[in-house]
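Two complexes are shown next, each including subunit A; its partner changes from subunit B in the first to subunit C in the second.
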Partner chain A sequence: MMSEPEHGPEKDVEYHPNSRFSQEIAAEPGGEYIRKCIQCGLCTASCMVANYTDKYRPRRIIQKILLGEREQVLASELPWLCMTCRLCEERCQEGVSLAEIFHVVRDIAAREGRVPKVFKDTVNQVLKDGWLLKDAFSDFIQDDRTDLGLNPEVNFDGEFVKKVKKRYFEQGDKEEVKDE
Partner chain B sequence: MKEFVLYTGCTAPVRLPQYEASVKVVLDKLGVKIVDMKGANCCGAQYVESVNRHAFAAMSGRILALAETYDRDILAICGACSGSLKWIKHSLDNDWKLKDEVNRILADEGLEYTGKIQVKHLLQVFHEDIGYDAIKEAIVKPYSAVRLAAHYGCHVTRPYDIVRVDDPENPTIIDHLIEIAGATAVDYTGKTRCCGGPMLAMDQEVATKIGMDKIRNIRAENVDGIVTACVFCDIQLTQVQFGEGAQDESRIPVLTLPQFLGPALGIEPSRLGIGYNKISPSRVFASVVEV
Partner chain C sequence: MTTTRASRPTATESLADQKVPAALVVGGGVAGMQAALDIANQGFKVYLLEQSPSIGGRMAMIDKTFPTLDCSACILTPRLSETSRHPNIELLSYSEIKSISGEVGNFRVKVRRKARYVNEKKCSACGDCVPVCPVEVPNSFDQGLGFRKAIYSPFPQATPAAYTIDKKGDPACRATCPAHVNAQGFVTLMKQGKYDQALEIVREAIPFPGVLGRVCIGFCEAECERGTLDDSISIRNLHRFLADYERSNKLARPITARIDKKDKVAVIGAGPAGLSCAYQLARKGYPVTVFERSSHPGGLLRYAIPEYRLPRDILDEEIQRIVDFGVKIKVNTPIKSVRGLLEKGFKAVFVGSGACVSNRLGAPGEDVKGVIRSVEFLEKINTGQKVEIGSRVAVIGGGDAAVDAARVAARLGAKDVTVIYRRSNVEIPAIPSQVEDAKREGVKFMMLTNPIEVLSSKGVLTGVRCVRMRLGEPDHSGRMRPIPIAGSEFTLAIDTMLLGVGQSADSLGVQKECECTEFATVKADPVTLQTSIPGVFAGGDVVTGPLTVVKAVGHGRQAAESIDRYLRGLPLDSGISPAKHRVQSYEVDKSTIPQAKRAVMPKRGTSSGRADFSEVELGFAEEHARAEAERCLNCAVCCECGLCVKACQREAIDHSMADESVELSVGAIVIATGYQLFDITAYPQFGYGKFPNVIHAMQYERLINAAGPTKGHLIRLSDGRIPHSIGFIQCVGARDVSKDVPFCSRVCCMYGIKNAVMAKEHIPDADVTIYYADIRAFGKGFEEFYEMARTRFGVRFVRGRVAEVMEKKTHNLVVRFEDTETSKIQDVEHDLLVISPGIQPPEGLDDLAVELGMDLGTDGYVGVTNEIITPVDTSVKGVFVCGCADSPKDIPDSVSAGSAAAMRATIILNQMRNKA
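So, the complex of A and B:
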């Protein structure tokens, strides 16, 4: 009779994350449940982005966070590829919200000045105009709106965002996230 | 009857004004009174949301506080906006520090968020405030022999604990409304999957592949049209059909839910802005009106 392979207490296996990155994320609103992840991969299996690009594997990003690869994760564009569609979150058996965790990662990256250009440009546009499409709003659109029985004016406020910008974004330009 | 203050968001008024117009005409027909929110700002979805939690809370929080000055619940017609407003409302109602922070920045304008108003997506107004029975009674020109696929929008239905619109795994409101109006609601693979719209900023190629995945799954069911309830989804599912690789196949009309309901309620298509749809939905309307 063959003897069972010895498992028992893994005296030879030591698990040391490289940093306290997962604790750092768990301390922020939305990041609380990251350490409940059991690395089953249901998120990657559900993900439409992962379905169409091999570079994006949400389970692996969570794994890197759990392993404490702080610099690698924050310097990467991958956490910015989540569409926050929450299909994975709907299916996760452990209650882990990847959309929220990636928002926390983005928030931390942004505090360190690492924001992909398209996000930075769009945020700057919104904080300048108060809304997204001021540049696209033309006489032609006004004519269409009149034709549709709508008020041709769209009446957005451009003042409040100046306060938002001053209070939360007055930190100057910083480095951008690099492509992988 | 119920009254709402309409928050259109940034995109509908410019890129999909026919949605804004048809929402107003159809809700008016069904006895719901709408007033426009004036002096609003972007809700902060996706972009500000990604880079600064407090700034996002301030932007959506201001819209919630503005609605309080109208003393009406908010009607949101865009998935991104309804999702953001509901998310921030939930955060403000459960985090007094965040609420204090938001109210500090709102105080300059004499605004205050107290939490007394609710945020409803258009689907909820049809389902909860008007109700299926009243809509059924209002149908004067039912569709016949028209097959339609519902696309709900991720941020409309998820996360359920916050948005509370419909079953996130098996949503049914649009399907019910399609059937009530006399058409056939068709199921398809990947119904609750994303349209790919949120990926446009970072990777347009992947965004288009995700959108076309949905179009292919819908096409396999031989439908006459797609019915949407989100500005971005409607635009994305239309646009991907004009990309490379889509030219040889016939395009499937994409129309917003009120544009679909309107003709069955006896509303002239011109008042629903049907002419502004990039893919003519005439085959959808053939059984009810001449377009």
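So, the complex of A and C:
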């Protein structure tokens, strides 16, 4: 039969892997097409991150979602490693948006207070310093910048950070970003 | 495109025996042939229309069928001959549908039968024409692997067994040339080193390959299609090379005059137009006498063009050739009356007296000592007279005569030569290379400047007052109109002014007997060049006003044709072939042509002092000329060199054939238009088209086919080595939502496995891998075949779609994929990669659907009314579909559908027969 495959969640007949967790993802904006995945591995082979670490396998994360491994996926820090370069989406022949799906997974995790510690720390560091690399910015780097003909002073504006914090984060001067 | 009414007996026959209902089958592939045979075997007439030169379709390209590994050609070719010999089937190969009207039982179909340029009945497919054809183009039947000639037969068993000339029309160069020199023709022959035959082609059109090779403005080069890629071909310099080559190697064969006609023709003026006309007429056998007022023939070629551009020995020799053809040239013989010539017994007269009066500047004070008309100046120099010029010279004008005058003035010792031209260096009409050379020789150019007053003291020139110009809107000539800038006047002190502001026809000249325009030019018919006096024709500058040499030469040739017709008593407009289709830019595939700069003309240096009157441009060396010719793109494919006509012993080749139009009356139509492969360049990550060892499955079929470009040797394209590791990539251009092909192409899994098995058959020790997502082995014997490939042949199946392909320096290819069974990302090196593309509805199916008012699915395939109970009925009654036109099918399914469509069609035809 040559009918146009329909995208989007189906109501009456279920042709796709149908765990409760995959339904949950599919119900969120961006997660709709997760159950189109046929596990061909094109995403993993295209992935920049997977190229550098054996731990990260986007196809495996999708597979776990499809199999309903909710606990395992939300507890893992792997969905947080996606760089959102979207090369996998560009190449995926089934129209699955992995970056969007991982975004949904992170949303769910955040709602349930399961942001991995390293990411929490990162955000707090930025809120505290205004940028990420304050501790790492040393005299050596200043020298390097001078050698490269760049201005050694990065002219970081702490006042501006305070304003931003006040404006966008209710916590204002409070120390920590709490789980929502 | 021009078409003529068909005079084919078979086409008109259909009206006579209209009682026998007929069907049209569109597409001569295996499904279409099946449908045609089934209908014909029931006693109905069938027109089998095929757009390519031969029936056979895709199956003719395929090496083996799956799952039985039968030889595709062995099954197909008996069908080909059965179809072509069937008394009820009329084959319309190399044809296209122009329009369809009517309804079931009475469709009226207009068909364009494209000209093959080979008579199907006379051609015996001996192939004698092929080795002589100089044009090589990528072989489309072999999927662009290897080359074929312009005259070709797609495969040995092609049906009908006749060759076809691939001719798209007139290439830009030939269409542009006023003298219609077959530029592609002679350039193509030059590629093969056939300089004599190439020169023969040039001399067909013009008597002056050497002269025009030096002084032609080269309209052809401006239009040359290669110019859209990098630089245009140096066409002018190439025919100059041909003439020089013949001359320096003394290869010229003696000419014997063959004047075998009685009617005498007079030509007035031995300029380019007159000599060209005389040359063409003498070659047709007419006795021609050329009357020239001056002491030497050649006209402005001799009197206006300086020797450093056109050495006189070249001109003299080429004029001598014209004389050798039997032309009499009478110099120092001014003609008083055109009618007088007719009374003296000349049956026809050609007026080519040129435009020999110099225009005036129109500025006050120009009649003072020191102002010289540039053509008169050049004439004096060219006839060896002395001309006094001062050290500061201004040349007014931007034409060739002005630039020539400036360069001559510089050679005569003027210290400061300035060309004053009112437009910019974009509009300047002189040949760009001449302007460049002039600058190199120290001539200054003052663009966007116009003289407004000539300043003199006591009747002697002292200076010129000029005004700066700017460019406004384009005027009637299409060039930007120069507008003076108020207040920008300035004065230039000069001793000599050379006026090169154009020429006009002599208002007291001999042409005034004919009807003339207010500019004293002759009113002549633009096509036949006939004047108001019967038997008198005119051409060249005397008709057009001052133009270029090649236009005059072209006019001479055109007039010779008319005079020939006139003297034979034919209507003047008879036999003028309608303008051929000019090959358009989009018709020339330039995607695979590497860039190459045009050859640089070697020039005599001027660093060692002042230039003299010896020739500046030295001409190409043979190797440069050959390399330059190699750059030609063969825009029109066939170059009409005519070598095939000479080679054919059965006189089957006719280059003057035109497309024919046939009208058919049919009761039912079967659409069997087949499919096209998905264009896999849409997947840049696989490097197809960039990496030589990435090929697609149909190319692979041709590679392993014994009749293919490698005679069946499976090699890789980069170095011809035998590949020992071959990868097959599945699901490319099929099951891909992002590329708008969500459906499965149905055949790729099986043909992929078949190709992998064939790889093992060809190279048993090869490592063969198939990268797949699913294997869909859905038919009888398919699963077993898949199993056999794995176990008996040892084909490796890897589950994981390939993400990207990288090329190594060795042209080996590295594929990156995730082996989904182990979750490992792997880079595997292969010698050869074969992509298995999905299949798609063919190009042009949408046009056919519009013509029929038929529905297409969103996927582009023909929609059927009901996929389960009427799988071959389209939405139009009486129109049926089979093969891959409605969905991807393998060969057996296509043939079944062909039979089914034939049955549905014959139900209608039977009803028609019963009614009658």
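Here is the rule we go by: the second predicted complex is superposed on the first by the 100 of 180 C-alpha atoms of A that agree within 3 Å, B and C clash if a C-alpha of one lies under 4 Å from a C-alpha of the other, contacts with A are read in each partner's own complex, and residues count from 1 in each chain.
We take it that a residue touches a chain if its C-beta (ideal position, glycine included) is under 8 Å from a C-beta of that chain, and two chains touch if they have at least 3 such contacts.
What you are looking at is a predicted structure, and each value in this text was computed from that prediction instead of being measured.
S.K.: Contacts for A:140 in the overlay, against subunit B (first) and subunit C (second): which applies, first, second, both or neither?
M.R.: Neither partner.
S.K.: Looking at A:59 after the superposition, I want to know if it touches subunit B, subunit C, both of them or none. Which is it: first, second, both, neither?
M.R.: Second partner only.
S.K.: Figure out whether A:50 sits in contact with subunit B (first) or subunit C (second), or with both, or with neither.
M.R.: In the superposed model, A:50 contacts subunit C only, not subunit B.
S.K.: In the superposed arrangement, which partner chain does A:148 touch: subunit B (first), subunit C (second), both, or neither?
M.R.: First partner only, subunit B.
S.K.: Touching A:42, do we find subunit B (first), subunit C (second), both, or neither?
M.R.: second
S.K.: If you stack the two complexes on chain A, which partner ends up touching A:90: first (subunit B), second (subunit C), both, or neither?
M.R.: In the superposed model, A:90 contacts both subunit B and subunit C.
S.K.: In this superposition, which partner touches a larger number of subunit A residues, subunit B or subunit C?
M.R.: Between subunit B and subunit C, the winner on subunit A residue contacts is B.
S.K.: Which subunit A residues contact subunit B in one complex and subunit C in the other?
M.R.: Touching subunit B and subunit C on subunit A: residues 51, 90.
S.K.: Applying the document's contact rule, which stretches of subunit A touch subunit C when the two form their complex?
M.R.: Spelled out, the residues of subunit A in touch with subunit C are 1-2, 4-5, 7, 36, 38-42, 44-46, 50-51, 57, 59-60, 90-95.
S.K.: Mind pulling up the subunit B residues that touch subunit A in the complex?
M.R.: 8, 10-11, 13-15, 17-18, 20-21, 24-25, 36, 38-42, 44, 46-55, 58-59, 62, 91, 95, 105, 108-109, 154-155, 158-160, 168-169, 192-194, 196-199, 201-203, 206, 209-210, 213, 271, 273, 276
S.K.: Give every residue of subunit C touching subunit A within the complex, in rising order.
M.R.: 685, 731, 735-739, 742-743, 773-774, 799-804, 816-820, 823, 825, 857-859, 861, 867, 887
S.K.: Per the contact definition, I'd like the list of subunit A residues that touch subunit B in the complex.
M.R.: Touch list, subunit A to subunit B: 29, 48-49, 51-53, 77, 80-81, 83-87, 89-90, 97, 103, 106-107, 110, 115-116, 118-120, 122-123, 126-127, 130-133, 136-137, 141, 144-145, 148-151, 154-158, 160-161, 163-164, 167-169.
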